[in-house]
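Here it is, the structure, as structure tokens.
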Amino acid sequence: SLSISSSVMAKSKFEYVRNFETDDTCLRNCYIVVRLDGRNFHKFAEQHKFTKPNDNRALGLLTRSARSVMEELEDIVISYGQSDECSFVFKRTTNWFKRRASKLMTHVASQFSSSYVFYWKEFFGEQPLLYPPSFDGRVVLYPSNRNLRDYLSWRQADCHINNLYNTVFWTLVQKGGLTTAQAEERLKGTLAADKNEILFSEFDINYNNESLLHRKGTTLIWEKHEETVTKRMKLPNEEEKDVNVTRSRKRVQAYHCDIIGDQFWEEHPSILEDDS
Amino acid sequence: SLSISSSVMAKSKFEYVRNFETDDTCLRNCYIVVRLDGRNFHKFAEQHKFTKPNDNRALGLLTRSARSVMEELEDIVISYGQSDECSFVFKRTTNWFKRRASKLMTHVASQFSSSYVFYWKEFFGEQPLLYPPSFDGRVVLYPSNRNLRDYLSWRQADCHINNLYNTVFWTLVQKGGLTTAQAEERLKGTLAADKNEILFSEFDINYNNESLLHRKGTTLIWEKHEETVTKRMKLPNEEEKDVNVTRSRKRVQAYHCDIIGDQFWEEHPSILEDDS
Amino acid sequence: SLSISSSVMAKSKFEYVRNFETDDTCLRNCYIVVRLDGRNFHKFAEQHKFTKPNDNRALGLLTRSARSVMEELEDIVISYGQSDECSFVFKRTTNWFKRRASKLMTHVASQFSSSYVFYWKEFFGEQPLLYPPSFDGRVVLYPSNRNLRDYLSWRQADCHINNLYNTVFWTLVQKGGLTTAQAEERLKGTLAADKNEILFSEFDINYNNESLLHRKGTTLIWEKHEETVTKRMKLPNEEEKDVNVTRSRKRVQAYHCDIIGDQFWEEHPSILEDDS
Amino acid sequence: SLSISSSVMAKSKFEYVRNFETDDTCLRNCYIVVRLDGRNFHKFAEQHKFTKPNDNRALGLLTRSARSVMEELEDIVISYGQSDECSFVFKRTTNWFKRRASKLMTHVASQFSSSYVFYWKEFFGEQPLLYPPSFDGRVVLYPSNRNLRDYLSWRQADCHINNLYNTVFWTLVQKGGLTTAQAEERLKGTLAADKNEILFSEFDINYNNESLLHRKGTTLIWEKHEETVTKRMKLPNEEEKDVNVTRSRKRVQAYHCDIIGDQFWEEHPSILEDDS
């Protein structure tokens, strides 16, 4: 075994291995998107008895964890979550971690995962978490506002489609008495209109009245708000007095609305920077 | 807002955004190393009252989390942890996640982080975890056994050097009554031999007798062991009988030994594959 | 040595080496710029007796070679050349070589280099080319029109600055009788205004009247033009007759003008695609 | 248009575009292979009347150009060429261009292409080159000697297979009087043994006696040789005398032999560095 003094020399001898690291800086002037996806979440959902087609506790926990990520990494301007996935968008000009892709995605994946376990109890109460879950991630760059909005629209359209399918599927099973195999068979080849029709004519359900949380997913953005606090202040004449102090603060705000159309973006013009 | 049927069409219209993903497959026939480092762990250690210079609860939790990663990702052949960092080595020929760097590092970072929170109580008991910690990661490729061993040696030499420094520093503070500023001043410019001498002559401490866990860090590898279980079996004559059944199983084993020299590698020849 | 039949088997055995190629597809919706730079062109210029500060034969050959590249790779929308360097801009949406960076840059470097030798005689006449010159290249991506224009502006500003310096330097040597060392010393620390003043007061040269080719470099773009050719056609009554046929064709056009300001871009609106 | 002084300021304003360049350093301790392939060489061969199935002038020119590349970039330890392709292998530890992939491949592509035009006349005499040809390139990394040898074996096996096919095909056309369509039909589905048999029984040709250049391609390596020159030297007694001086020099040597088996590598042990 090495003595300490030789280990100092040794360290400098070994240090050449640092040169094997490669640079993975993200191209400038592009939005950096990190998307996380749950690993084996079908099994995880089953073992933790998630309700079907949607479990509001699980969706709440997903959103709580996303909020925790945004609060730790302020250059994230918007996140969008649904099912067991969540996308985080860094602003175009961010310089966090010198835009190194590996650092950005591992930090997001790590913060999200530790938060998921940390906040479990807030949403699942006494139902225990059986094992530590995991999420994998990736980085994608988008050079223009159009590209970024199309990315988010793609994820929300995916939410729409899956949720309609799952809603009909589990209604057929839970209220219609079909087996899961029968429900699958019944839905094979049906279009969106057919699925709406099944819900409406057979179960008297108007899909458009279903929960926005389930149909639209959850969008988190930063919003300014005025915060008024009462402070006890000392006056020049040495008296003390309660004074109202108003400050402008940012906080993460959740929306369950359409983000495919223009309205959301027109109402929140500060999310995107101009293309240029 | 879009109707569902148009959102199906929309989804296909938006799907082009997938083409912005880039391929980050790791070069074949190289060891893939994922290293995690704690984020802001100085502050984390302080707020959770880690003992100085080493906190055995924190080191135990680090090792427990690393074990959890290895058990989830079997192609990891060795991991090495010390302080608030941990390196995981995938075997040269692994095909996990098609060798995609982003998937490998985010999965490791995620599993490690959720485990760290999940197993916190096992090591810290009633002392609460105050907030979800995070780790960042990176991927480095090593083309040869020599390069990989030099990488691990580099990390262990780093452990040696830091631990000697921290041991002397905190001894000067805790037993010698120096302030941290005085201790820092005292150690400025000292060599390893000087530090050993301070410990020995002033505090009667032989550094080489200090805990191997602190001096060498923790190496995890897979080991085969024989497991004998008793099974009740039905004999041909319909009788039942208890029979001892022996099976060979793999499990993760921890070592706190030198991994710079050849001995460890000669005793565990199956960790590395031949260069070729 | 292998027999042929075993070599067929062998080939499939070796084919795994293809998997070591990595994907280097350029991010979509970005301009792809390939820049070439002459290797050791100081020496090349000296050995081929280039005139100072500018050799029009060499600049003509550079432009001829750039034109040859544009005619072979039609998705190049603009090129800019000066001194011994040349930049080629592929349109944002190009799909040439599936946007593979290595293919794009090597093809440009190859076509440019073979053209440089092929057309040498057109510009240097009987003066022989002494050895085959070489150029190295790189790929850079620009996500927006602003970024791309700033890149081209950077290269033209570089041309401005170098040409002013070289013009004064060689005037001091050729007309002022200074040695090159003395000229260098004389110019140390001078600003642009100082250099203009030297030219004007000592040599009666107004720099702004110098050749645009030298001050602005060479910009190549595609332009439509009407081409009228006379064709002999058969009339319905079997008679033959000469007919003028006008067709719209594209050809590469050279400019020696400012490309930093807006005018050039307003006059040629089809070079850039809208940011989106 | 900008004045010069403002263009100096402008240049620094535009310089941010440099940050869009990305680092493409090749992983250390790997062989770096650059392979060039002729672009549209079917058409090029036809227009320049290359003889079929092999044109020795074209193969000579390919080799001459490869030699020119090796002489310019000394860290290339071996190259292998056949048909219209050529592979160049940089030594594992090369630091040329700081191992930047783009620089390495464009320099090779450029030097090869300019040489191809420059040396055309040496091989094709008065037959003119009709237009500048081009080659595209790629970079592939190989971490071990086995991988590198398998890469070169793959290219030589490819040469074997194509050359046997082409030899039979053109024999059927040139000596057997078949049309090219008939020859293609005749060879559909035949194995190597069948092709050998056609050559032997119908045309009395033993394929193994065909030219090694065509069957094995061309391998270039550096070789040391002794060079003796006569120098006139002054003796201590002021007399002059002719003295033979022997120096060891390296030069590029061509081989047309099997490089799949071990013999070539055993005879030239200095090409490869040990795996480590």
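Note that the chains are named A, B, C and D in the order they appear, and that numbering of residues resets to 1 at the start of each chain.
To be clear about the criterion, a contact is a pair of C-beta atoms (placed from the backbone, for glycine too) under 8 Å apart; a residue touches a chain by one contact, two chains touch by 3 or more.
The structure displayed is predicted, hence computed values, not measured ones.
Counting only chains that touch, the fewest steps needed to get from chain A to chain C is 1.
Set against the Cα centre of chain B, the chain with the most distant centre is C.
The centroid of the Cα atoms in chain A and the matching centroid in chain B are 28 Å apart. If each chain is reduced to the centroid of its CA atoms, chain B and chain C end up 52 Å from each other. Multi-chain contact residues of chain A, defined as those touching 2 or more other chains: 20, 22, 27-29, 141-142, 147. On the chain A side of its complex with chain C, the touching residues are 27-30, 141-147, 275-276.
Chain contact summary for the complex, chain B toward chain C: residues 19-20, 22-23, 25, 27-29.
Across the complex, chain A meets chain B through its residues 1-5, 7-8, 10-11, 13-18, 20-22, 24, 36, 39, 68, 72, 97, 101-103, 105-107, 109-119, 129, 131-142, 147, 150-151, 153-154, 156-158, 160-161, 164, 191-193, 195-196, 207, 258, 260-261.
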